[in-house]
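The two complexes that follow have subunit A in common; it is paired with subunit B in the first and with subunit C in the second.
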Partner chain A sequence: MSNPASPMVDWSDWRPTIDALRREFPILDRKVHGDKPLIYLDNAATAQKPKAVLEVLNRFYTESNANVHRGIHCLAEEATEAYEASRKTVASWLGAPSEKAIVFTRGTTEAINLVAHGWGNKFLKPGDRILVTEMEHHSNLIPWQMLARRTGAVLDWIPVTGDGVLDLSRLDEQLASTRMVSLTHMSNVLGTVNPVRDVVARAHAHGALVLVDAAQSAPHSLVDLNELDCDFLAFSGHKLMGPTGVGVLYGRPELLEAMDPFLGGGEMISKVTWQDATWADIPYKFEAGTPPIAEVIGLGAAVRFLQSLDWKVFHAYSDALTRYAIAQLESIDGLVVHGKAPDRGGAISFSIRDLHPHDLAHFLDQDGLAIRAGHMCAQPLIHQLGHSALTRASLYLYNLPEEVDALVRGILRVKEFFHRVLG
Partner chain B sequence: MFLDDLYQKILLDHYQHPRHFRELTDQEASVVVENPACGDRLRLRFVLEGERITTLEAHCEGCAICTASTSMMAESLTGKTRAEANHKIQGLLDLIETGAGIGDEELGDLKVFEGVQAYPGRKTCATLAWKALKDWLEKGKED
Partner chain C sequence: MSGPAPSIDADIRELVEEMRLLEDWQFRYEFIIELGQALPEFPEEWKTPDHEIQGCQSQVWVYPEFKDGRIYLRGTSDSLIVRGLVALLLKVYSGRTPGEILSHPPDFITEMGLDKHLLSTRSNGLNALIKRIFQTAEAAKA
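Now for the complex of A and B:
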C-alpha cells in the first residue's frame, strides 16, 4: 500500500457478497447490552455458525439421533451414514489420500495430544529432539513438554523475530536429531502465516516428521495436504463455523497404522478377552467411545459451507480488510500492532500505552464490541513481546470495514476517557 | 454509564497513585499470584508481627481494577490484626460474589467494588490480592 495510514479501499464490489454471507449467520443480528448491535471480532477464539450448520444439527437430533457403527436399525444407519459422509467431505476438502487418514477428535488440542501419546510414547527415545516454534498456542506446546518429560526427549524452539516471523536461519542445525517438528500454520497472536512447505521439505530431508496446527488456517481454507506435504495436521470444527467439541487429525495412513491407540474403550477394538484386546483398523483405532456424532455431522456441514464459497473473492476481501484494520489501528497514538509478517491473516494483536487490555476490552464490550484481552493461550510469546497481556481483534469473512471503524472509535473513546480522568 | 462511574472513582485515586506499591522481586514477595485470565503477575509482601499485619506491600502491572483493588487492600489492612483483616477480606469477597457483605460503614471506599458483581469476567481482577492474602493468613495459622 502506498499510504498505509489511510488506505483508500473501494468496498462496493465486495459488499453484496459479504451482505449475502452475513444473512446466513442469525447471531450477527443480535443486540447486546440493550440496544448495541453485536460487533463480533473474536473469531480466532471461535467463529459464528451459519444456518446450514444450525439446521443440520437440529435435523440430526430431531430426525436421526442414534449411536453410530453398531445398531441394526434405521436411525443407526442414518446416523452412521451421515457421520461417515463427514469423513469423506473432510478428506476430499483437505486432499487426503484416503478417508482412513481422517480421525475425528474433540478438537485441535486432543488431536495433538493423540500424536504426542500414540506416536511419541512409542517412538521417541531419550535425547531425541522435538522442535516447535516460539509462536505456538499452548495446545501445541504443552503436549510436547509433557512428552519430553515422559520420554527424556529434548524440546527446542524455532525463534521468532521482532517482526513476528520465524527465524529459519538455524533450522538445519536445529533439525539434526529432531524426530518431530510441530508448528502452527497461522499464529493466533501474530497472524503470521508460516512457510510450512519449506519447513516440511527441510524437516523431511533430515528424516523428521511434521505436524501442522491448522486451527487458524483451516477456517480460511488454506489447507491443501498436497501442497503442505505434512505428516500430521490438526484443526478444530468450531473455528471454521462448525460446532464445538469436534476436531480433526489427519495422519499419513502408514504412520497412523504404526501408532498406538490414545484412549481405550468401545469402538476402537477388534477382539477383546479378559486379559487383552486387539485394535480396530484406522481411523477407528483412535476413536474410542461414542464420538461427538452430531458435532461431526455439523463439521461436515461447515466444511461444505466453506467449499461453497468463492475463495478468490473471500481471500482478497479478507486480505484487504486485515490491511485496512491494521492501518486504522496503527493510526491511533500509542497503539502498537504486534506481528508484521507480509503473509498474514486477520488475527491482529496490539498493545496501547498506559491502557491495560482488560480495561479496554471491558469498555469496548459496553459498546457491543467483542474482542479478546489476555495472553491468548501463548504466554511465553506474549512475555517475549514484553507484555503480560495483549488485546486482539480477529476478523473473519463476515466482518465489515465499518465494524473496524467502530472498533477504532471505541478505542479512541476509552483512551479519551482515561486521559480525561487521569489528566 | 456505570462502568465510567466505577472507573472514575478508582482511576482518579488508586490506579494513578497506588498505595504501598514498590518494585518487588519474586524472592522478596510473600506470595506471587497470576491472574489466569490475562497472565498479569501480582507480587505481595506481608509482614505479620504477632497477630498484627505491620507491612503490606504490592507490585503489579495489572489492569485498573486489579491495581486499585490491591492498593485499597494495602491501605485498609495495614496495621490490622489477623482477625480484623479476615473479617474485611470476607466482607469484600462477599460483596463481589453476592452483593451481600458487612455493611457500608465498615466497607467504606471498598463499596465501589460492589459494581464488579455485574461483570463476572472482572471478579478475578478485583479479588486477586484479597484471596492471596486470605490464603497466606490461613497458611500462617498452621505454622
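Now for the complex of A and C:
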C-alpha cells in the first residue's frame, strides 16, 4: 500500500537484526483462530518472553528449586546465589549506588504501594502535597489517593496539554508544599516520554522527593539512575520480557533505611519476641515472605538479555517503526492518534470516528491482531481526551513494518464492514 | 403489543436457528449488529449510575421494570457488537416472568456459535448485564 504522507523507510539494514531477535521468541510463530499468524501489538500490556528467560525458569525448577536465605543445603545455596545475582544484575543495569537499593516486589503496583505505605504513612502530615500527573496509570494514582485519605495530605496533578505533554508552567508553584512527586517516565496511553530529569531537579530544589514509574520506559532501556537522579523508581518484570509476578523498587538507601516495612512476615525480621520485632536490614526489610524466586531469577535473565542488545540499533529502529506506524494510522480517514509528544515511545492510542474500540478490537482479533481496547487503566486521562475508551497498538523491538501494515489493512476492513452493515 | 408473545423456548429456538443458518462469522455479527440497531432508543435521562454497567472496554445501560408479574427490560451499549448482544439478551429475557428467566440460563449464546469469551469477560459489561437480569428476576420472585 503506498501512502504519500508516510515516510519512506528503508528497513533492509535492520532486517537481519530484527529477524534474529524474533527467532528468540517462540510465541511469535503462533497461529490463532485456526490459521491466522499472531500479530502481537499489545506490548505495553505485557511483552513476550525470549528463550533465554524461558530456559532459566525451566532450569531453576528442574535443577535448583529451593527457598532462599534459609537452608544450608546445596540447592538452597544455589537458589540464594541466583536470586542475589539477579539483584546485582538489576543494580548495575540501573546504575544504582548499591544492590541494597534494589527491592524485589510483585510488580510496579506493589512497589508504588510500598512507598506510599512505608514512606507516606510515616512522614506525611495533613496538608502536605503529593504531586502526580494527569497521565498516570491507575497504579500511580490510586496508592496516592489512598495515602492522602489516610494522612490528610493533598493530591495535586501536573496538567497535560492537548498534545499529550506535561504542562510544567506552574510546576514551581505546585511544588511549594509538595513532599512527593510521582510521575510516569513514559505514558502507557500517550507514549509521551516525560522530562524526568528536569522535574527531579526542580522538585529537589523544593525539597520534594521523586518517584518514577518506569513500567513503560524500562523495557526500552531508558532508565539510568545517574541521569534521572530520582529517589525511587519502580518497574515490572513482565513488560521487559521477564516473568509476571515480579518487579523492582529502587530507593535511595538512606530513604529505604528510614522507612517502615510494608508487609510483615518471614525473612524481613531481625529479632522476634511475642510482643515485638525488629527489622532486617534493607532490602530484606521489604521482602516479607518467600519471594517469587524463579521470577526474580527470570527477571535477571531478561535484564541480561536486554543488556546484550545493541541499543543504538534498537532505539533507532523503535523510533522509525513508531513514526511509521503513526503516519500509516493517521492516513486512515477519521482516525486520530492521541499523543503528539516529540519524544515518545511505541504505545499508540487512537480513536476512530463512529467505530467503538471494543468493536474494532474484537474484529481485529479474528484476523490474529492482538491490540488493546478500553480505558488502559487511565480512566481520568481517557475521559479528559473526551472518550470512555480508546484503542491502543503498542510496539516492541520484535515488531515489523508488515505487522503495522496488517493492522492498517485490518482497520480498513473493519471500517468497511461497519459502513456496509450500517449502510 | 398484540397477541400472545411466543414462549421463551420458542424465541430461543428461533434465534439459534437463524444464527446457525449464517455460516460465516461476519454474517453472524452482521445479524447481531442489526438486532442492536433495531433496539428502541434508550432515553438519555435513563443513563444514570443506577442503570449503568461499566466495563473496561464498553458500557452497558439497562432499565428494568417489573409490571403485571413480568420483567420488562430496555438496554443499550456504546459498542455496536455489545448493543447487538444486549438486544439478543433482551429478545430472550424481556417480557418474561421471573420463573421463566431463572430457568433459562444464557447457554444459547454458545449454541449460536458466538464467542463464549464475549460473555465470560468482565471487560464489556455483558456478563454483569446477565447477572443484573437474573438478580432482578430473583428479587421480583421473592
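Just so it is clear, the second predicted complex is superposed on the first by the 419 of 423 C-alpha atoms of A that agree within 3 Å, B and C clash if a C-alpha of one lies under 4 Å from a C-alpha of the other, contacts with A are read in each partner's own complex, and residues count from 1 in each chain.
Please note the rule applied: a contact is a pair of C-beta atoms (placed from the backbone, for glycine too) under 8 Å apart; a residue touches a chain by one contact, two chains touch by 3 or more.
All values reported here derive from a predicted model rather than from experimental measurement.
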Worksheet item: So, on subunit A, is it clash or fit between subunit B and subunit C?
Response: clash
Item to complete: Would you check which partner chain A:Thr290 touches, where first means subunit B only, second means subunit C only, and both and neither mean what they say?
Response: neither
Discussion item. Just checking: does A:Ser92 make contact with subunit B only, subunit C only, both, or neither of them? Give me first, second, both or neither.
Written reply: neither
Worksheet item: Which holds for A:Ile382: it touches subunit B only (first), subunit C only (second), both, or neither?
Response: first
Worksheet item: So, does A:Ala373 touch the first partner subunit B, the second partner subunit C, both, or neither?
Response: both
Worksheet entry | Doubly contacted residues of subunit A, that is, touched by subunit B and again by subunit C | 356-359, 362-363, 366, 373-375, 388-389, 417-418, 421-422
Worksheet item: Which residues of subunit B touch subunit A in their complex?
Response: 1, 3-4, 7-8, 11-12, 15-16, 37-41, 61-66, 119, 121-122, 125
Worksheet item: For subunit A, which residues count as touching subunit B in their complex?
Response: 356-359, 362-363, 366, 373-375, 379, 382-383, 388-389, 417-418, 421-422
Worksheet item: subunit A touches which residues of subunit C in the complex?
Response: 25-26, 29-30, 33-34, 37, 56-59, 78-82, 118, 123-124
Worksheet item: Contact residues on subunit A for subunit C in the complex?
Response: 356-359, 361-363, 366, 373-375, 388-389, 417-418, 421-422
